[in-house]
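Next come the structures, one after another.
Shared between the two complexes below is chain A, which has chain B as its partner in the first and chain C in the second.
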Partner chain A sequence: MAIEPEPVVPLKHVVGFKRPRFKESGLMGVLLALGLFLSIFGGSLQVTNRDTSEVVKVNKFMRADNLDKLAKNTSFFAIMAVGATFVIITGGIDLSVGAVYCLAAVCGAMFLNRFGPHGAGAGAPAILVVPGAILVCLGAGALCGFINGLGVVCLRVHSFVITLGTMAIYRGIAFVMTKAQAYTDFPPQFTDGFVRREINWHGASLYPVPLAIMIGVTVFAWWYLKHSVTGRQIFAVGGNEQASLFSGLPVNWVKVKVYTFSGLAAGIAAMIMLGYYGSASSDAGKGYELDVIAAAVVGGASLAGGRGTALGALLGALIIQVINNGIIILNIDQNYSQIIIGAVIVLAVLLDRINNTLRERRMTRAARP
Partner chain B sequence: MNIYHIAARVTLIASAILIVAGCDQKKSEVAPPASGGAAKKTEYTFAMVAKSQSNPVFQAARFGAEDTAVEVGKKLGVKINILWRTPNEDDAQKQVENIEQLVLQGVDGISVSCSEAETLTPAINQAVDQGVAVMCFDSDAPASKRFCYHGTDDNECGHIIMRELAAVLGPGKHVVAIPGGNQNARNLQNRIKGALDEATNYPNISIRGVYYSKEVPQDAAAKIEEVQTANPDIDGWAMIGSWSLFTDALLKWEPGKVKIVAMDALPAELPYLTKGVVQKLYAQQTYRWGVRSVELLADKVILGKNPTNVMDYSELPPVTKDDVQQYEQNWKKWLRE
Partner chain C sequence: MSAETSIPAVGFRGISKRFPGTVALNDVSFDVMPGACHGIMGENGAGKSTLGKILAGIHRPDEGSLLVEGVKRHFHSPLDAQRAGVAIVHQELSFCPNLSVAENICLSHLPSHGGRLDWPKLHERARFYLEQAGAECDVQEELGRLSTGQTQLVQIAAALATGAKILVMDEPTSSLSAMEAQGLVGLIARLRRNGATILYVSHRMDEIFRLCDVVTVMRDGQHVVTMPLAQTNEAELVRLMIGRSWQKMFPEHIDRAAGPERLRLEKFSSPGKFHDINFSIRSGEVLGVAGLVGSGRSEIALGIFGLDPKVSGRVVVDGAEAHPRSPRDAMKLGIGLVSEDRKGQGLVLGMECGENITLSSLDRLSRGGVIRGSSERGVIANFFEKLHVKAASSQVPAQTLSGGNQQKLVLAKWLARESRVLILDEPTRGVDIGAKGEIHRLIDELAAAGHAILMISSELPEVLNLSTRVIVMRGGRLVAELARAEATAEVVLKWMAGCGGETLSGSGQSAGCAPS
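Right after this comes the complex of A and B.
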C-alpha cells in the first residue's frame, strides 16, 4: 500500500507570519491608556523650580516628582511580584511573601540599628555597613524562601498550606524579635547615602535607586526565565509536572530554586523599604501577599502554572500603582478607592485576555495553509 | 494482639482518664465560691484586651497596668494579676474570642480597646451579664453595657489638632489634608469629624481631602508623600493619626514649609519636633490607659464603687521641642528600657 505524502504547507504562508515581540503588549496598552487619561484629565499645577525659583506650570501626572514617587511605590510590589511569578509559573503560590518581607526587614533593621548613630557599632565604615545590611536582608529573605521550598518538596504538601503556615511563623518570629517595637536610627550611609540618595533634576528631587533596583531585578529575571536552563525547566514544570519528572528534569530542585528566588526578591524589597523609610516593625508588609499575587496575575501569570513573565509582573504592579496614583490626582473620594482599584484590575486582566486571544487567532490563521 | 495494639490501647485509656480528670479539675477552678461562709477574696485577676500587639502605645498601656496592679494591690491588701490578651493584629473577631475565653477563665474584670465597637458589643454585654466588670479604654463601645470608658475624647481631639494647625498656619489662604488610617475605626472617624467641623471656623482653610491607608508606618508615609507630590499646594497636615511619623521618610521635608500638627508623642516622632518638621504633637496618655484601667476596675470590683464619670477622658497635653528630652525619659520608663 502506498503511503500518501503529507501535504506541504506553502512557504508564502509561513514567510508572511511574524511572531509578536511582546506578550505584554495588551498590558502596555492598558498602561499607556491610563497614563494618557491621567495626563489629560489630571490637570496641571504651578510649582516653583528649586534651582531657578521660577514658577512653572506642569502636568499633575506627567511630572518628574510624581513619576519618581510612582516608581518608588511600585518597586516594592514589582520586585516581590517578579519573585512570586517564578513560583506561580511552576503552579505553586507563595502566601508568605509579605511575612518574608517583614522578617527580612526586621533582621536588616536590627543590624542597621546596631551600626546607627546611637548603636554599639556607631562609626563603622560604610564599606562594611552597607554590604552587611544588604547581605542580612537578602540572606534572611533567601533563607525563608529556601525553607518554603524544602517544605513544599519534602512534605509533599501544596504550597498554599506550607506558605500559609510559614507566613504565620515568619511574622511571629519578627514579632518576638522586635517585641512590638519599631527599629529606627539607621546609619545615614545606608539611607541617604544609598537607597535614598537624592539627585536634583531640573529642580525636582528624585530618588532613582529603588527604580534602578526594580529594573535590574526585572531584567535579570527576564533573562533567567528566557535564556537559562533553569528558566526553561521552570516553565516545563509548570506546564506539566509529571511529564517533566518522566523527562528526567530535577523537578524538586527547580521548586526549591523558585521559592528561594521568591524569598530573595522579598529580601531585596525589604532592603529598599529599610533604606527609604528608615524604620521597620513587625507589622511591615501586612497584607502585601495579596497585592503581590494580584500584580503577578494582572501581569499575565496563570495560577494554573506554565505562564507568566517578569515584565508582566512589573507592568501588573505598575498598573495597580498608577490607579492608586490616579485616585489621588483626580481627587476622587478615598472611600471609593478600593472599588475603583478592584474594577480596573478586572478590566485590565480582561483586556489582556482579549488581546491574547486575538493574537493567538491571528497566529493560527497565519500558520494555516 | 501485638505490642503496637497493646501500646495503642494503653495510650487511649490513659488519655481518656487524663481528659476526664482535666475537665473535672477545670470545673472546680471555674466554680464560683459559696456565698455563705466563703473567706474574703484575696486575689483578683483583671484582663486587658488591646487592639494590636504590634502597636507600641499598647505596650505602654500594658506596663502601666502591671505597675499599677502592684501598687493598688499593696494599698488594698490583695493580689491583683494582669492578663494580657491582645491579638497580634487589629482583629475585632479575635478580640471577641479572647473576651469569651477570659469569661470562661473566670477573670474579675476586663478592660478592652475596641477594634470595631459593633462586633465587640454583644461579647461585652455577655461578659457583663455573667458578672464580669467590663470597661473600655482608648476606643469605646458606647452602645454596650461597659461600666465606663477611659481615653481620649476623639471628637475634641480632632478639634484641637485642627485649631492648633490653624494657629500655626496663620492668616492667608491655606490648603490642608488629613491622613485617615483605617476607614472602619470609630475613634479615627470621630477625630476626622472633629477636625472637619473645626475647619469650618476658618474660611481661609480649605480641606483637600481625607486620605486613608493601612495603619502601618511605611504605607502611611508612602500615601502622604504621594498626596503631597500630587498636591504641592497643601501647606498643612492635620495628623489625627501619626503612623507616617514612625518612619524617618518625612524628616527630609524642609522644616516649616509644610506645617504639621500630629497626635501622639512616641519615641520615633520626637526627632520630627527637634528638626522642626512637625510643629506640635499632642500626646495621648498611653501609659495611663493601663493605670486608669486597673484603678477603675479595682474600684468597681474590689471596693464596689462606680466611677464618678462614665466617660473618664484623659488629658491631651501638647508636646513641643522643649519637652522632647522629658518625653524621651518617660518612654524609657514606660517601655521598661
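Right after this comes the complex of A and C.
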C-alpha cells in the first residue's frame, strides 16, 4: 500500500544539520594536480639573487614571483567571476562585465590623472585621493550594474540582450570620455603606496594587495550567499522564479541587486588594474566577459540557474590562469592556448554534469522501497 | 486468425519505475489484447500515465520487460516505439508550436526529394490524417495558433500518421469540447475496425464505460485488477481506485464556533475569467469551492493573491479594504496560497526542504539582512515535527520528497509566515492515499486552530467532507452557496454541470450536459 519509501527517522536525525559535502573538492583536486604537474615537468631556471648576487636554480612554476604574477593575473578575473556568479545563479547572464570594467577604469583613471603629479589637483592629500579613487571605480561599476538590472527588470528583456547592448554602450561612453587616449600619471600614493605595494621576500618582489582583495571579495561573497537573506533569495529566484514570486519574494529587487553586485565586482577589478598598471584606456578589458563567464562555469555555476559558489568562481578563474601560465612554462606555442582553454571549459562542464547525473541516480536509488 | 489474436498486443511483465522520491510503478503485469480498447484507470498519481509513457518509449522501465505483439522490446526513444508501431497522444507532449499543422503531423517522416521538402505531398498527407482524426483546420496554420482542443486532435492525427497499430491515449478528452469528445468516440470505433489496439488512460468513468471493453485499475503504482467492463460497475471501480469505500468524515472544526471574518470578496471580477464573486470566510471555517476545470475557481485564487492585474471589486481582509497587487502584498496581508502547480509555483525543488519552509519568512528570521541560523533551524524543526514531514533530513533537496511531503513543505511555508488566510488549490493533487488522509486531517486542524481556509478541489468527496460551507462555480460565476448539510454530492454535481433541475444519471464527474 505505502509506495513512498519514507523511513520514520528519529527527530534528531531529521533536523540533524550534518555538514554538506564540500562542493568544490573536485576543483581543488584539479588545481592541485595541475600545480603538481607543472612543478614536476615545468623545469627549472637559473636566477640571480638580488641581495646576495648568488646564482640559484629554482623551479619555473613553484617560485615566488611566478606565483605572485599568477595571483595578480587571476585577481581581476576571479573578482569579476564572483560577481558574474551572482548573476548566473539567478539564471541570468552579464555580458557587459568587460565594458563595465573598462568604464570604471577610465573614470578612475581620469580622476587619478587629475590628482596625479602633473594634474590640476596635484598635491592633494593621499587620505582623500585614495578613497576617492576607490569610490569612483566602485561607484561607476555599481551604477553600470544597477542600470543593467533595471533594464532586465523593467524592460522585461532577456539579460543576454540587455547586457549585449550595454556592453557596447558602456564601452562607447568610455571611448567618448577618453577620446581614445590612454590616461596615466597617477599619484604614487594610489599605485605604489596602495595596490602595487611591494614586499621583499627572499629576494623576490611580491605584490600581495591584489591577492588580498581577491580573497576578501571571495570570502565576503561566500558568506553573503550562505548567510544573508538576499543570498538565499538569489538561489530561490534562480532555482524557480515562479515559485519565488508565489512565495512573496521581491524577485525584481533581487535581480537588480545581482546585476549591481556584478558591476561592483567589475569596479573592484578595475581599481586593482589601475593601481597595478598605472594606466587605463578605452580598450581595457576587451573580451573579458567571456573569460569571466568561463571561469564561473568552470567553477560549477549552472547557466540554467540555481547553482554556483563564490569559491568555485575563484577556483575556476585560477584553473584557467594556471593553464595559461603552464602553456608559457612548458614552452607550448602560444597559438595553442585558446584551443586548450576552450577544451578545458567544455571538459569541466561535462565532468560537472556527470557528477550531477550520478547524484540524481543515488537519490533515485534511495527511493527504492 | 484465432491463433494470432491470442497473442497479446502488449504485455507488461513486472514493470517498475522509480523517480527521485517516488516509486511510480511497482511490479506491474497485465496483457492488452489486440483490437481492444483497453481502459487504464486510477487516481492522480496512480501511475497510469507513467505506464503509457513507458509503452511509448518516453520513459524506460527500471525493471521488468515489455512485450509488443509477443516480441520483447526495449524502447530507447519515442522513435523506437513508433518503429514498433506504438504511438502516444499526450496532452503535455506538445509539438513544435512554431511549425505548421502539416509539418507537425508529418514531423517524423517528412516527405522529400533529395533533401527538398515536398510541400504538396506533405499537405495532402496531413489533410488525410486530419480528416481521419475528425479535425477541421487549415494544414498551413501555425500550430501555436490553434485552440488546445484542436491541437489535441492534431496530435491524434500525428499519431495516426506514424502508422501506429497500438495507440496510447493519455487523457485525450481533457481539453476537448463536448462535441469534439463525441467525435473521438466515432474515431476510436473506426480505428478499432481498422485493427488498431487502443490503451485509453483516463480517470473519467463515463468515458471508460462508453469506449472501452476491458479496464485495468491502477492504485499507488500497483496493478489492482484487469477485467472486462461487462463484469463490473461504477461503484466497484471507484472502490478499487480509492482502495476503500468512501466514508463520510466528520471534521473537528465543524463543532467549533467560527471566529471573526477574515476575508470578504465583493463584486470581485476579472474580465473573461470570473464575474461578480461575493463570499466571505471567517476564522475557523473551511470554504470549499467546487467547479469544473475552467469554471474560474483557480483564477479567483490568483486574483486574491495579487497575480491578476485586471481584477476589480473589493477585497476586504480583517475588516479593512485591501488591494493586493502582488503575491508580496497578499503575503503581507496574511494570505498564503498553496497553488495547484506544486512543482512549478510552490517549491524551489533544487533547494533544501528546510530552506523551502523558511523562504517566505526570512525577513522575520533575520537581523540586519543576516539569517539567524538558530532561529531558522528552530522553525524548520518545529514544522518538520508538527506536520510530520518525512524526509531523510531537512537538508535534502525538496525534489526527493514524495508528493504529500512536498505539499506539507508548501503548507509549512505559509504557516511559518503565520498566514491566517490559506488558499489551498487542489491540496491533494498528486499525493498518495496515505498522505492524502494526513493532509485532510491537517486542514481540519488548521481550521480548528483559527485559520480561514479557502479550499478549491476537483475531488468532490474532499470538498464535501472537509468544508464548513461549499460554493459552486460554473462558467466564471458563483452559482450556489450551500451549507454543509445541504451540500450533497447530487446537489453539488447538479450545480457544477449546470443542469438546472434535471437529475444526473450515474456518478460521472463530467456528465452528459456540457457547461455552456
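The working rule: the second predicted complex is superposed on the first by the 327 of 369 C-alpha atoms of A that agree within 3 Å, B and C clash if a C-alpha of one lies under 4 Å from a C-alpha of the other, contacts with A are read in each partner's own complex, and residues count from 1 in each chain.
Quick note on the criterion: a contact is a pair of C-beta atoms (placed from the backbone, for glycine too) under 8 Å apart; a residue touches a chain by one contact, two chains touch by 3 or more.
All values derive from a computational prediction rather than experimental measurement.
**Student:** According to the stated criteria, A:233 is in contact with first (chain B), second (chain C), both, or neither; which is it?
**Tutor:** Once the two structures are laid over each other on A, A:233 reaches chain C alone.
**Student:** Of the partners chain B and chain C, which touch A:307 in the superposed model: first, second, both, neither?
**Tutor:** In the superposition, A:307 contacts chain C only.
**Student:** Please indicate which partner A:334 is in contact with in the superposed arrangement: first for chain B, second for chain C, both, or neither.
**Tutor:** first
**Student:** Just chain B (first), just chain C (second), both, or neither: which does A:246 touch?
**Tutor:** Second partner only, chain C.
**Student:** Which stretch or stretches of chain B touch chain A in the complex?
**Tutor:** Answer in residue numbers: 52-56, 58-59, 88-89, 180, 183, 208-212, 214, 216-218, 221-222, 225-227, 229-233, 246-249, 251-252, 268, 335.
**Student:** Contact residues on chain A for chain C in the complex?
**Tutor:** Contacts found on chain A: 1-9, 11, 13-18, 20, 227-230, 232-233, 235-236, 239-240, 242-250, 306-307, 360, 363-364, 366-369.
**Student:** Applying the document's contact rule, which stretches of chain A touch chain B when the two form their complex?
**Tutor:** Interface residues on the chain A side: 45, 47, 60, 65-66, 69-70, 72-73, 171-172, 175, 179-182, 184, 186, 191-192, 196, 198, 273, 276-279, 281-284, 286-287, 324-325, 328-329, 331, 333-335, 337.
**Student:** Per the contact definition, I'd like the list of chain C residues that touch chain A in the complex.
**Tutor:** Residues of chain C touching chain A: 18-23, 26, 220-222, 243, 305, 307, 326-328, 330-332, 337, 339, 344-351, 355, 359-360, 362-363, 366, 369-371, 373, 377, 380-381, 384-385, 389-395, 397, 399-400, 402, 404-405, 413, 417, 432-435.
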